[in-house]
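One structure is given below, represented as structure tokens, and several questions about it will come after.
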Amino acid sequence: MRTGRVEAFSDGVLAILITIMVLELPKPAGADWRALGHDVPVLLGYLLSFVYLGIYWNNHHHMFQAVRRVSGGVLWANLHLLFWLSLVPFITGWMSEEWIAETAHREAVSPVPVAAYGVVLLLAAGAYFLLQRTLIHAEGPRSRLAAAVGRDVKGKASPVLYVLGIGLSYVAPWLGVLVYAVVAAMWLIPDRRVERQVAHREDELQTEEG
Amino acid sequence: MRTGRVEAFSDGVLAILITIMVLELPKPAGADWRALGHDVPVLLGYLLSFVYLGIYWNNHHHMFQAVRRVSGGVLWANLHLLFWLSLVPFITGWMSEEWIAETAHREAVSPVPVAAYGVVLLLAAGAYFLLQRTLIHAEGPRSRLAAAVGRDVKGKASPVLYVLGIGLSYVAPWLGVLVYAVVAAMWLIPDRRVERQVAHREDELQTEEG
Amino acid sequence: MRTGRVEAFSDGVLAILITIMVLELPKPAGADWRALGHDVPVLLGYLLSFVYLGIYWNNHHHMFQAVRRVSGGVLWANLHLLFWLSLVPFITGWMSEEWIAETAHREAVSPVPVAAYGVVLLLAAGAYFLLQRTLIHAEGPRSRLAAAVGRDVKGKASPVLYVLGIGLSYVAPWLGVLVYAVVAAMWLIPDRRVERQVAHREDELQTEEG
Amino acid sequence: MRTGRVEAFSDGVLAILITIMVLELPKPAGADWRALGHDVPVLLGYLLSFVYLGIYWNNHHHMFQAVRRVSGGVLWANLHLLFWLSLVPFITGWMSEEWIAETAHREAVSPVPVAAYGVVLLLAAGAYFLLQRTLIHAEGPRSRLAAAVGRDVKGKASPVLYVLGIGLSYVAPWLGVLVYAVVAAMWLIPDRRVERQVAHREDELQTEEG
């Protein structure tokens, strides 16, 4: 099978996930800037999840550019990843709603929704790793994809940091969120090696086609 | 007509169906793990429907790879399938909400929503069969599609099992759900014969194009 | 501009419209078949709108197959059509909710939401006609599109029937719905002439390309 | 990287944003024309945001037609634009709900949601400008894109008018909305220069390919 329809379906699911979160943003309870200000934690939670889904789309996009064909196993590994990512809006909504409800009642913010957010990130990272393995297995250890992924330092550091964030949520919830934000920032820095590999490959493809 | 836009539209609808279900997941009523635990039946119901829609996307994808052209009749047979699949989020929501409401009130779980879930699966399976027939009719009995579909053991076993699941819902609702889960597991096993046929066809197409 | 991205965007919007209506289906108020039975008018309203949006996607698909290029004017005529179609879920929800609320209170069903549904259908039909005119104007009166559209009997009969349906809503709301259902049924019959024209054109294109 | 998947993802997000707003339209509180009439400010707010998102899709479409390749920086500049546009449904909902709640209670309409709407438009315009700069930087100052964008009078006038609209919201909220509507009308007029450039380029591409 060609990769076209898998990419199109994944794009569709990710585009929907990244946008339906706005449907869950609670309208400010009033018509002044202060009411909007109370929504700031919710908006920041939305921003964090938007960035994470953007990173997954970005990495997914990059990875599939180095893939030629997909098997049935890849389709399911891909759906498995999409399943965990589909829980991002749910867990973001829970974390945000509890956060504003507790601060509105001047209670301490509960660590559990923040830790659960990290658990979903951890499982999504595991699913991405599994998809990458499945693809490399199909393409072969000497494939361009295997070369492009390389040592994958970021991919190995992320789960460790998610576990750290989950733990720190119990010290102070904002610390957990801070760790998740740091991981997101780490991924925002473009991965020059993959881009170089892909550029190479496209040049070769054009040479083959030309 | 080429198959491109039918596939794109179906991908779009299936991508939306598989993701909008998360909008219906009720936020846990509290900020601890126990509150999240109460949502487990809802999350399992979501998982089951996610897998079913994934299977339909997967099979739809496979089937259309063996199709060259579509007629007006195919468009409507396809929309008919999408209609029944579009009821999956609705019926999943009903089943899940009743399930947690009844267990929260320590009542017996009602069989009707579980049976109704099976009825929607049954009607979707019927619509898929109809679409397959329409396509084989158009492609001809000696077409690659007809060969790829073959005896279609799974396709014939599924409706029987759905009826069994509907019946067993009245014995115990969890038995009905178990049967639906078994059918889903049966479909998750990749269908090697179709993949082989498709691989053949792509090779031939490339030979023709080359 | 090529037609690819206009078609993709329209497919996306129509796929979303046709599926988000399920989010508005009210869950049955109870766990038995009777509770589901009370939802039947809502489900029929959903079915009617699903069929209408399916018809628009179908006709849109057919029409753009006979189009080679799009101008800025076409983009806006297309968005204009999508705007009126985007009100279908809104007006369907209003009609359905009032219908079941009024029958639940044993009141007479109000004609206004049914008439308003017809008004949206009428405006969407007008927008489709405008888009068709814009496209024919761009392609020229001797184009394949102009030939394919031809006398367009259905297109001219529909607005007249919508006005009839709007009027009959005031006699009895179910009469109005019946007229809308008849128009939908009329469109479900495949338009052989257009298909023949498109088949012609594809053959020619292939001859040109070959 | 080719532009295909960035365009597809952006189309997906914009198609979802433009349509999910209908889910937020409050159903009329009654079954007569007057009840529908009370929703008119909400429907006009929806129309305004629909037109704005349509304009962004339109301009995005035009701009990427003059682009050959995208880098990692472009992907993030594009996601940044989509983030601000994703807040349009949220801010439209807030503005509309406050507007009808206040007029229902015969209170003065509050300027803050109207001003906040302008702030989101301003930030989206800034993000679009940034994306345009990133693309021109990658394509080079003598590229077709740079030529097509040219002096970009509309792009420079819009932020000034948004600031004017934000200020006038405090004089009278409807004045702010009027300014936003004027900017939208200004963009609806097709930009002949870009279309001409694109037409040129397509002719050249065809000559190259031919």
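Which chain is which? They are A, B, C and D, in the order written, and residues in each are numbered from 1.
What we mean here is this: a contact is a pair of C-beta atoms (placed from the backbone, for glycine too) under 8 Å apart; a residue touches a chain by one contact, two chains touch by 3 or more.
Not measured: the values here are computed from a predicted model.
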Handout entry: Same-site or different-site touching of subunit A by its copy subunit B, using the half cut
Key = different
Handout entry: Magnitude of the superposing rotation for subunit C and subunit D (Cα, nearest 5°)
Key = 90
Practice task
Just give me the whole-number Å value for how far the CA centre of subunit A lies from that of subunit B.
Solution key: 26
Fill in the blank from the handout: Distance between the CA centroids of subunit B and subunit D (whole Å) is 37
Exercise for the section: Could you list which residues of subunit D touch at least two other chains? Expected result: 8, 12, 16, 20, 23
Fill in the blank from the handout: Within their complex, subunit A touches subunit D through residues 7-8, 11-12, 14-16, 18-20, 22-23, 25, 27-28, 31-33, 36, 47, 50, 54, 57-58, 61, 65, 188, 190-191, 195, 198, 202
Fill in the blank from the handout: Seen from subunit C, its contact residues with subunit D in the complex are 1, 5, 8-9, 12-13, 16-17, 20, 23-24, 71-73, 75-76, 79, 82-83, 86-87, 89-90, 93-94, 97-98, 102, 110, 112-113, 116
